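Here come two complexes built around subunit A, the first alongside subunit B, the second alongside subunit C.
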Partner chain A sequence: MPTTPGPVLTVEDLSVQYRPALGPVVDAVRHASLRVDPGELVGLAGESGSGKTTFAQAVLRLLRRPGHVTGGTIRWGDTDVTDLDDDALRPLRWSAVATVFQSSMNALNPVVRVRRVFEDVIAAHDDPDRPTDARERAAELFDLVSVDPRFLDRYPHELSGGMRQRVNLALALALRPRLVLFDEPTTGLDVVVQKSVLDKIRELQARERFGAVLITHDMGTLLDNADRVAVMYEGEVVEDLNTAQAVTTGPRHPYSIHLVGSYAELLGERVPGYTGPEIAEPAEVPRPVAHDPVVQVEDLRRRFTRRRGWRTEHVDAVQGVSFTLREGAVTALVGQSGSGKSTIARVLTRIDVPTSGTVRYLDQEQHRPHDVAALRGAVAAEYRRNVQYVFQDPYSALNPTLTVGYALSRPLANYHHLGRRAALERAADLLEQVGLTPAGRYLGRLPHQLSGGQRQRVVIARALAAEPRLVVADEPIASLDVSIRAEILEVLQSLVADHGVGMLYITHDLLSAATLADDVLVLREGALVESGPAAEVIGDPQADYTRELLDAIPHPFARRTSA
Partner chain B sequence: MAYYLRKTGYFVLTLWAAVTLNFVIPRLQPGDPAEIMVRQLSGQGEIDPAQVAAVRAMLGYGDENVLVAYGQYLRQLASGDLGISFTYFPFPVVDVIGKALPWTLVLVGLTQVVSFLLGTLLGALAAWRRNSRFDATISVGSTFVGNLQSVWIGLIVLFVFAYTLGWFPASGGYGYTDPGWTASHVADVVAHGFLPALTLMVTAPIGFILSMRNTMVQVLGEDYIRLAGAAGLRERTVALGYAARNALLPVVTGFALSLGVLMGGSILIESVFDYPGMGRLMGEATANRDFPLMQAILLATIVIVLTANFVVDLIYPLIDPRARRAAA
Partner chain C sequence: MSESSAVPRPLPSPRRVRAAHDAAGEARTALRPPRWYAVIWSSRKARIGVVMLSVFLLVAVFADLLSPYRPDDATFVPAQDPSGAHWMGTNTLGYDIWTQLVHGARLSFAIGVLGGVATIVIAIAIGLTAGYREGSAVDDVLSFVTNLALVVPVLPLMMVIVAYSETRGLALLVFVIAITSWAGASREMRALIISMRNRDFVTAARFGGDSMPRIVLREIMPNMASLVVSGFIGAATGAIAAEAGLSFMGFGDPNTVSWGQMLAQANANGALVQGLWVWLVAPGLMLALLMTSLTFVNFGVDLLSNPHLREEDD
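Take a look at the complex of A and B:
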């Protein structure tokens, strides 16, 4: 098929409404327009709820009731598909527009071999006069995305996350589509894997000349990879940014400025017009100097033994890690998934016990060391109160049937024996400290009535309620929108600055570690590859692995700096 | 392979537990079965202790040590000796059950298989057209019918089809035809079995309908369904090969579990229709305090349900590859 020079996707003035049987009509997309040319990578940015997913579904013509297209046109190549019915659309699907979904985990039918999905898709569109050899084509596609064709005979659950996403990419390219729509294709993947998937997309685009739309809330990825970025805000495309221009002269719309600016701030760059989140900069508050050690970890090892039939296998999840956590200091524990971060957190939370090595807790009064694994009685109670946790997913960390006020007053009653009224007053104070003001408005709410960022603030407030000496924060911002991440980081920072709380910040993201932490520990396959003051580790990494992690961070502003 | 070994191990273990409970429970009950039997045989009046002792010995309730008795019980069980029925004295329990079991197995087995097919099909259809009028009828109707008592349904069915319309015989397993594989006898048996089957069929598919519908509605929200739609696969392929295929997995697990419920339900239904199966036998055994028979029926029911579960366990990895992996 000769490639026509025209755009592969033209969306003009598209509006989508949700009209549920009960409840008010919602305008999810308002007069949005977008154009994609062959070979072009166009980003679609915006936070959750901005309408970008609805927009994508409308473009794919997969919108389900109660969603309705109320205006505008969608053209796949030259064909107006706005009002085509399912039967007329079917032959066009996947050959005009294909897609790669967000969770690579579930995009393949779990009960059949990967090969079957390819065969189904190819057979559904095959020309009976010139049948395609689906076997051969599938193998060819696997080669294209650098996956061994032997994996065609595996089931989806036998593939790793990164590999699965490559397979999805291969599947999207099965019919040589003219446009591929990527919906958050790398969310949930490691930075290193994420980079390799994006590089692959760019490489294939150059070769196959398909246009691409990349939907993500990760501004860094977009600025680094996309040619243009359409910024969506409350259902509207508020700005169609040229990427090169975004990093030089900067965006114009306030929301785009916020998106680009909050990312640039993490990199230590400035964007014209960006003033930062509303919370006052806590960096200016001098940090308390007295750094009493709270927890000392020495030569921690954890070996998991797994029985496979008659054989036993060992996995060394943590191999001789030592560090000290102090009051008023933030230590970041950085590594990819599977590096042993969570195992360390589980040992600190006393869910798990080390195979060898010691974790010692130094008590508040006399700083005597106690072996954490063998804590009993009063010291165990002190440890529980003084070491608190903030979980990754604020959606499941709060009991959905209890109000915020109740969730916060429980630890106050338990640890400080406050009465009901006193506990509620204190809970209100805590909410104000984490930036939920006026607190009265939030006390009576249930978790589902809060946004993700607000929930995480409540989780932080709950950890704070016990007045702990140490907070273990396990990927506290990973499941939040990028524009909220900066704010939550500021809240965490103020905990340390204002309350002298120590923190173990667990993350796969070196960038946020750099902004928050005093010390950084880089973990790989259970062993420390590098540790030291944050500025040194980030500024002058010694280990190759640290450098690899740093390189995987999108840094669009580097172009500006070097130019 | 390890998966199959483990499942076989579980099967043997639960079977052993069931057999042992079957031995223990009667011994914990108050009252002496031998005495009851003698009372039954001799009618009213004085009981001769020697007679009781003789009957006890005959039934295998010796005075020995419990462990010895247990060993003996296991040995008897292995040789297929489950004792003598009181009610059908002097026939061995095994023979009595042997006559009744095929009737129930056919009745319950057939209704179970038909219910499963019908239930999953209706459930899948309701989910595929969710929020349609068809879905609403199926969902609300199922909830309503599912709460009806099967005895009550049985009586209605009996009244309408047997007495008022007179289309089907009201009781028994067969009428005046000679047993054998003749066309007239088979037709007779089918005619007699139809009403009990119909009664069971009213409620038996409900569980399958509801669980199939609900899991399939969930599956329809999965990414691979959206992707199949975006890829332009035919609706039939998506509905059957992608959605129903995945939704079926938990329903299959429910198949064996519901078999036990159905076996229990058949006690009442068989009594209503005077059907010569295990259910009616169980009713008789209970009424007559026929302990050997009750014990044997209980054992047979447990073995059937356990075996059905075992078979499903063995089949499951074939339909869900993820179980194979967990198995390895």
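Take a look at the complex of A and C:
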């Protein structure tokens, strides 16, 4: 090791309480300590609600009421900032400690060109005796993050998501801070872009020697990129994990074992001491062989026309996609954001209509084909019942004012004409099927009394209530914590195995597609680049693009296997 | 290398950890959010408003007990100074001012509640229909009517309607107030339902086979409750002010007793010139205090729909 200057961030014994005007006091962070050395990337992992973000806000001295720091010290370099007031903090912010926020769209001012933001930041902190050339520095920073300096004169909405996040990174580095804090910087970006952003961060760290804290609930990313990972659980830092050690001898605290183990399991790796839910089993359960086709999609095209000034522009969201969805089979639709996945889902659920091509529904009794765009009367009602939808975000998919029992009994009353009592009994059965037992305890609950994983189970149970032939699941695990993703996948898998439901599983994550799907469709810019049985596509990808997607999946255990 | 995380206790299995984690999660989620009355009561302004409003309500209900005379009894010696028999004195027409004042609270309350309800019902009906059918011809027509109602000068319209009607009375006042003041609240309702309509849970209800009226009533309306309540309070305040204004200008029902009527009579009979300032000031002050109390209560209702405000100082 070269001569190490002191740490860029030292947090000792930090405690934070939320003291709302109404309701009880909550200890959000308890006696947490963290140290970041120059050039080091330290991860902060934990479930939602574990206090990661509160900890970060306190460290940045951005904590808002009703949060209060109740103990401990925070030092940026040598400066104790625990009790500094805003006036004393202002010159230090951005020049000593910078941050990149989660939503890159909102972090850049939408009404000014990107250049202005850079010039403002540089001017506000500039030394009047030795003025910096803001234009030159901004171009230099763009070079640093590999974005063409021409984009300096664009507005934020003209940049893509990945580019915007790189611009934010450049902005954070504008004043050569010694510490940069990243709060879920790649959430909402797809795997390929995520990898490029993280690679960039590591590369810049090696050159500029700034320390970094990376907050995310994506354990794979952390194990792949970070030097150390601080695992937070219920407001405490329960383990300060060396990542190299984590993948070889494994973590020591049971919660970190759980966190690392549930990720490793998806990759088919074992972590010492981990006994999670075994999701590999249902693959061996023989499935019904005769799969009736439910929906046939043939040469589907969707073109969006937009008028801009005098010209009209076309965007081809979907270009000639064909596939068949069958009962009892899972088809995964994989692609980056903007690849047309959601448009296909919207067409299937009749929110949108295709520009050309056909989507045919084969009815239950006689398997006669019907054009989905022109369904009428009884067949339209049958289609609505038989094609159900599982939402991405369980927090918005349940009405906050209505109980679980009500949410589940509506499809039962509408489609099976059950009375109140019968519907509630059936709802209880459904809850047991998705693993919420005893069901009686959950029927009367409101959504806010459930955890994220429990909510998603309720959403799945509601889709199941109609006894559909096909379920469209739109990224059903993307907004859930890593440790509960495996459980939800398990529930979805049992849905197919036990009920013979067909599923269109939409995701950007090939890894979960591999565990769940029978067939995989890889979509790029609206066109299919590869399709076939899951084992073949993932085991032996033919298209370069599929390989690129596979490579982008963090695989920290590869080091162990190859070593 | 930090080894500080070494755990002294024997390590439970990860399965156990998850069970404990779930239990902790349940304990956490079992904490109900504060009840609505606790939220309103937590605001100092709202507390003052609720207390003031309760006093007005008690006065209106027990008006007969608070004064020994009838409000339409004009048989007293006119223009008396306040005394034990007449706490605020009598006016030049021979009425007891205190008696009129406590009975006037009844009409103001009635007009506030009925006018507020009628206004908000129209606003909800039109706003919800337009919002749910956003972009359609129905929405175009309803939005046009709403915009028209917004720009029509309200007071002259009220005066015209009252002047041409054959009956005078509470029902007419409520009707006039409702059809002239629903437009602003209707616009709010329309905007809110447009944002609600695209929520995932509304889409989910459609997948569950629910009909449009059921979705609006069961899924959407409960989520709008605090806006409806604050809209109602705003409409009630407006209705009380409108009644006072109309009565003051002589468009009220001369057979009822209201604070607006008292002001009108005091003005017409030159109360100030005769030194009977109580006659003029008392009803004006009551109107101001009643409307202030409603506004204060609305501060509390705001906290329901916007939890961030709960942490601010009063």
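Methods note: the second predicted complex is superposed on the first by the 548 of 563 C-alpha atoms of A that agree within 3 Å, B and C clash if a C-alpha of one lies under 4 Å from a C-alpha of the other, contacts with A are read in each partner's own complex, and residues count from 1 in each chain.
The working rule: a residue touches a chain if its C-beta (ideal position, glycine included) is under 8 Å from a C-beta of that chain, and two chains touch if they have at least 3 such contacts.
Fair warning: this is a prediction, and the values are worked out from it, not measured in the lab.
Looking at the shared chain after the overlay, A:E239 reaches subunit C, while subunit B stays out of its contact range. Contacts of A:T401 after superposition: subunit C is touched, whereas subunit B is not reached. In the superposition on chain A, the chain among subunit B and subunit C reaching more residues of subunit A is C.
Of the two partner chains placed by superposition, only subunit B is touched by A:D120; subunit C is not. Of the two partner chains, neither subunit B nor subunit C is touched by A:H314. Touch criterion met: A:W94 reaches subunit B, while subunit C stays clear of it. By the document's definition of touching, neither partner reaches A:R420: not subunit B, not subunit C. In the superposition on chain A, none of the residues of subunit A is touched both by subunit B in one structure and by subunit C in the other.
The part of subunit B that touches subunit A in the complex is made up of residues 1-2, 222-224, 226-235, 237, 241-242, 245-246, 249, 319-322, 325, 328.
Across the interface of their complex, subunit B is touched by residues 60, 62, 86, 89-94, 97-99, 101-103, 106-113, 117, 120-121, 124-125, 155, 157-158, 171, 308-309 of subunit A. By the touch criterion given at the top, residues 1-2, 4-7, 11-18, 21-22, 24-26, 28-31, 33-34, 38-39, 42, 199-201, 203-205, 207-210, 218-219, 222-223, 310-311 of subunit C touch subunit A in their complex.
Interface residues of subunit A facing subunit C in the complex, by the touch rule stated above, are 20-24, 33, 35, 49, 65-66, 234, 237-240, 242, 252-255, 257-258, 261, 273-276, 349, 384-385, 388-389, 391, 393, 396-402, 406-407, 410-411, 414-415, 448-451, 459, 462-463, 465-466, 483.
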